[in-house]
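Both complexes shown next keep chain A, but they swap its partner, so chain B is in the first and chain C is in the second.
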Partner chain A sequence: MSIATVFEVVLATVVLGFGFWTTAVRKTYSAAVGFVAYGLLVALIWVRLDAVDVALTEAAISGGLGGVLLLGAAARLRDSETTAAEAPGNLTRACAAVLSVLIAAALAGAVWLLPEHAPTLAPRIVANAWATSLANPVTNVLMAFRAMDTMLEKVVLLLAIIGVWSLAPDTAWGGRPGPCHRADPNGVLAFLARLLPPVGIVVGIYVFWTGADHPGGAFQGGAILASMWLLAIMAGLADTPATSRRWLRCILIAGPGLFLAVGLGGLWFGSAFLAYPAAYAKPLILGIEVAMILTIAATLGLLLAGAPERSVK
Partner chain B sequence: MLPAAAAPALDAMTSTGGFLLVLSIVVPVTGVLLAFILGDQYERLVACAIVPFGLAIAAAIVVALPQGNGPVVYVLGAWPPPLGIALRADGLSAVMLAATAVVICAVAAFAAADFSITETRVSFTFWILLLAIWGALNTIFLGGDLFTLYVALELLTFAAVPLVCLDGRGETLRAAIRYLLFALLGSVLYLLGTTLLYGLYGTLDIVLLGRRIDTQPAAVVAAALMTTGLLAKTALVPLHLWLPPAHAGAPAAASAILSGLVVKGSFFIIVRLWFNVMPGLPGFIATQLLAGLGGVAIVLGSVVALRQERLKLLIAYSTLAQIGYLFLMFPLAFGASGRLESSGALAGGLLQAISHATAKAAMFLAAGSIYATLGQDRILGLGGVGRILPISVLAFALSGLALMGLPPGGAYLAKELLLQAAAEKEQWWWAVVLQAGGVFTGAYVVLVLAHALTAAKEPITPDSSAPRIRELATLALALCSLMLGLVPWEAYLSIPNGVPSDKFGIGALFKMLLPLLGGTGVAILLAPSKLPSWRRSGWNELMPVISSVRRGSLASSAIVEAGDKFLRQWPIACISVLTLAALFGVSMLGAH
Partner chain C sequence: MTSGATVFGLCAAVAVGLGLYGLITNPQPLRKIIAFNVLGSGVFLLFGVVGRRGAAAGIGNDPVPQALVITGVVVAFAATALAIALLLRLFQKTGTTTLCSDVRPSACSDPSGD
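What follows is the complex of A and B.
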């Protein structure tokens, strides 16, 4: 057995272990911790499968921002946790276990039965990369071949923000989300919040920029930028902006808005909706991605910040 | 930018008028973005400006479709499938697009005059999400790619959930989180199946997949997972734990959209999946199973509806029953070739879906006006409301009659087509269920009307007077549902044996008597609150007999209600999801 195989076996075992732990453990907080670790390790699996783009997203979302959300929710629930009272009976548990095993086995069987040489569009995607002059096939799929899906996904993000904001009390509508954070200005958090963001911002922009030709892209870069922003907010160095600010709203729709505008430009002047003229494809796509990274960073940050709580004064 | 490969097929080329399909998605989405940025003052204005545009686009698609040959297609980005995505409008999409546009228009007219939607937060959220739901539904009706449909489903879910908790009360927040979690569970199952299908066939384009799909076990697993996920989003019994509180707790305009339109989104994807992607995969038993669940939904939804004390909950449970009705078409469209065929049964199912969309939206709007005027919506306290809000009560009655199958309503036509198919396929048991569905619908409509038309016990002091435009929008919607049978559906839906021509004759009216009289009987027997006219009826000698029968049937309906409560627990609902996935998998595997 080579080192790589040993590593894979260990990784798979540990991931399964964390999965089991997350399901079996009683405390919500422990389950959240388990899930974060699980997400980070799954990202490693994606790396082993040569899907670096997926790995970056998995790490950023399920390990990073998703983890912060889950841990925050678990901390809020800790006081009201009544696991013992609502625990389902043994028969229910047994049924659920048997059925879950059955479905999991069917899924495993289905994956096992997938054709040896899976039919794939990958060669065709590579062959058509000339149309955008971008070398990263994932970016080509997201921004050109399946641009509609990507554009609509950005609208989903906007709807998520609206959903979170709609939970605000009427008096705080348009106000600043989340509580006012005050950390010790000489403490570790404030120190980190001064030290990390300059580096983090550069890394985020790099991940975005390199996404044109290598793994990376607006979503991963945006997630890194969002986490830097949140770090500064939690350390009390910055405050969340009031949600009624026009500039904030402009940033939140910049990505889908520009995408839509370019798409309509294609419908009006070019060959089709969301078709880029070959000569301008790269600058157009990069322009949309710049708008998208801003939108994504702001959206993810605000999703974590929560509903407006403090009215604008 | 066409690839050098062979000339693409007709359904992978943009046809004339194809840009209309893009516009029908882009216009509402643009409205969302504009309203978001101009919001807090102008969101209502933006929405009201977008609505006529959207209606015009839907009308243009409906007009354009029969003139070309085959579906209207638009290839996005000029990248034909499988690399790119195509939007396709066939007859089914056109029908759904039109119905959605009509319902959205009426609800927008209603909501524009609704005082409960004036608070900045509520107004901002409602109008933006109304447009978002429209864009999402149009994407679902036009999307030619299973992953695009997934994105559209996500749009739909994220737009629908905040509508549930617009008023911010604790119970509506609980209902919203229930809805969100269960809907996401459904999404995950759908997405799992989609990835499996891509792994198997290397495309997610519906037309290409329809040609390549075979009956191998992995495809069956994918089909079972996707079907179950979509059923969870459609709230077919036993996966309905989220629907009653969510639909009953939202503001009236939001309830109308949620109940009339949102559940039709996932239903439509099931139709696409079973009829277009894999017509040969499900097999006889799976179609029977699906319709069987529909039958259970009809009984459970109707019986529990009759036991409700609040009007909005009654309507929400009636939605459960009507969702069940939608699934009766699957075994009736199952042809002798072992495939699902687009036949009269499919046309009937679709017609039922759009008549329910219009009628149920009208019912919720009427209930909203009643609630706003009385300050409550207890069914026992409805006395006298017929005097104060005659138009709303009339709209409720008309939409109820339309749902029962009064000619020339859409539901009448749907029922006729389904009964025809049941006779052809010699599946008499579904004919029984179809008739029973009509009788049950009659029961809860009669129950509500009997209370609404009695005189008030004490003079009512209305909380607020309902603006006339609100009542008229409701009435227009109800009339739409009742007039649906007059539309020439043959141009859009495949109806091999023709539409039943006898829409106004004695025979058609006679068919109406069964749901009406049967419904009254069921309402007398099953409703815990006695019908008002019952107390002073002259049938005194019959009383003891009926009373004893009534006691027995009330006991059995209490059992059904207990069953509903049992099924609506989280662990049980999750077990139901897994069980259904397993059952569908086994029955589809068994068919091959």
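What follows is the complex of A and C.
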């Protein structure tokens, strides 16, 4: 067993340890903390799997923003902890354990018995990379070769935000999402919320810009921008915008709207839906990505802020 | 076949099992949401392990499953946010987060806490 394999075994064990703790610990808040640690360590596994783009996404969105979401919800639901005492019986637990072990064993067997020669699309992606003049193969897949997936995913984000906003009580319809945050103006949180955003915004834009040729992209950059925005909101330096604002809604539809327009343009001038003319491929993709990063940052931030709770007045 | 990818593949399989067990046995909805995310991350890791074996042409991991996982992580986050918003609204409305239909909200409506 080489040193590298030892590292991999230790990493996998620690990840599963956190996964087990997240499932078994009694308090929901502790489970949320465990999930954050789990998510960040899973990002390390992605680095070891040579998928740095996914590692960045996993750390920023799943571990980072997802962790904030779960911690916030766990804190607000803390009072309901004792009431939900309808724990399943031993028979249910045993059946669930048997089912889970069987499914885990089947998946493990499938991993173990994978065929010797794996199918791969990597050579075809390298061969066709000239068409977009982007050097990052993952961005190529996301923005060009499977652009349809990415566009529909923007629509899913939009649907999710519509779903969250529709949960507003009648009095707060179109109002500001989430509770009003008040922090000590001289405290550490307010200090960090003044110190970090200038750096974070530069890092977010860099991660987005470098995504054309190196690991990074609009999702990862957008998640960093969203977290800077949320930091300012949580420190009470800024407030969430009222959901009835027209400029906010324009930002939310900018990404999918421009994507769809370019796609239809491809149908009109080119050969197929979302077919970029080779001469303008890179400027078009960059334009879509600029609109997308704004939409992603706004959507992720607003998804975290939750349903409108305060009326505009 | 690289042994490192196999180790992570087994890890992903166990994560799916853990998530499934937590999803079934934890009575609290928020715990179910967390368990579902553990399950989902296990599925994503399986993609990564299979993609790692498709390393070719100087790329260490097949880019197509990578792109699918990036899309999947964002969609999973959006679904989690929607589920939590529903849960918080349920708590706001009834003072409890139970999924059990025969537990009366009045029996446990003490949102002021302990």
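Note that the second predicted complex is superposed on the first by the 307 of 313 C-alpha atoms of A that agree within 3 Å, B and C clash if a C-alpha of one lies under 4 Å from a C-alpha of the other, contacts with A are read in each partner's own complex, and residues count from 1 in each chain.
To be clear about the criterion, a residue touches a chain if its C-beta (ideal position, glycine included) is under 8 Å from a C-beta of that chain, and two chains touch if they have at least 3 such contacts.
All figures in this text were calculated on a predicted structure; none of them were measured in a lab.
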Partner chain(s) touched by A:Ile61 [first = chain B, second = chain C, both, neither]: second
Chain B versus chain C, judged by how many residues of chain A each one touches: C
Which superposed partner A:Val202 touches (first chain B, second chain C, both, neither): neither
Touched partner set for A:Leu107, first chain B, second chain C, both or neither: both
Chain B versus chain C as contact partner of A:Ala96, first or second or both or neither: both
Which superposed partner A:Ala75 touches (first chain B, second chain C, both, neither): neither
Contacts of A:Leu167 with chain B and chain C, given as first, second, both or neither: both
Partner chain in contact with A:Cys180 - chain B first, chain C second, else both or neither: neither
Touched partner set for A:Arg48, first chain B, second chain C, both or neither: second
Touched partner set for A:Thr28, first chain B, second chain C, both or neither: second
Common interface residues of chain A - those touching chain B in one complex and chain C in the other: 88, 92, 96, 99-100, 103, 107, 111, 114, 118-121, 125, 145-146, 149, 153, 156, 160, 163, 167, 169
Chain A residues within the chain B interface of the complex: 88, 92, 95-96, 99-100, 102-103, 106-107, 109-111, 113-115, 118-121, 124-125, 127-128, 131, 144-149, 152-153, 155-156, 158-160, 162-163, 165-170, 173-174, 244, 246, 249-250, 252-253, 256-257, 260, 263-264, 266-267, 271-276, 278
List of chain B residues in touch with chain A within their complex: 1, 3, 14, 19, 22, 26, 29-30, 32-33, 36-37, 39-40, 74-79, 82-85, 119-121, 124-125, 128-129, 132, 135, 139, 147-148, 151-152, 154-155, 158-159, 161-162, 165-166, 168, 173, 192, 196, 199-203, 216-218, 221-222, 224-225, 571-572, 574-575, 578-579, 581-582, 585
Chain C to chain A touching residues, read off their complex: 1, 3-22, 24-28, 30-31, 33-35, 37-38, 41, 44-46, 48-64, 66-71, 73-82, 84-89, 91-92, 95-98, 100, 103, 108, 110-114
Interfacial residue positions of chain A with respect to chain C in the complex: 4-5, 8-9, 12, 15-16, 19-20, 22-23, 28, 31-32, 35, 38-39, 42, 45-46, 48-51, 53-54, 57-58, 61-62, 65-66, 69-70, 73-74, 76-88, 92-93, 96-97, 99-101, 103-105, 107-108, 111-112, 114, 116, 118-123, 125-126, 137-138, 140-142, 145-146, 149-150, 153, 156-157, 160, 163-164, 167, 169, 217, 219, 296, 299-300, 303-304, 306-307
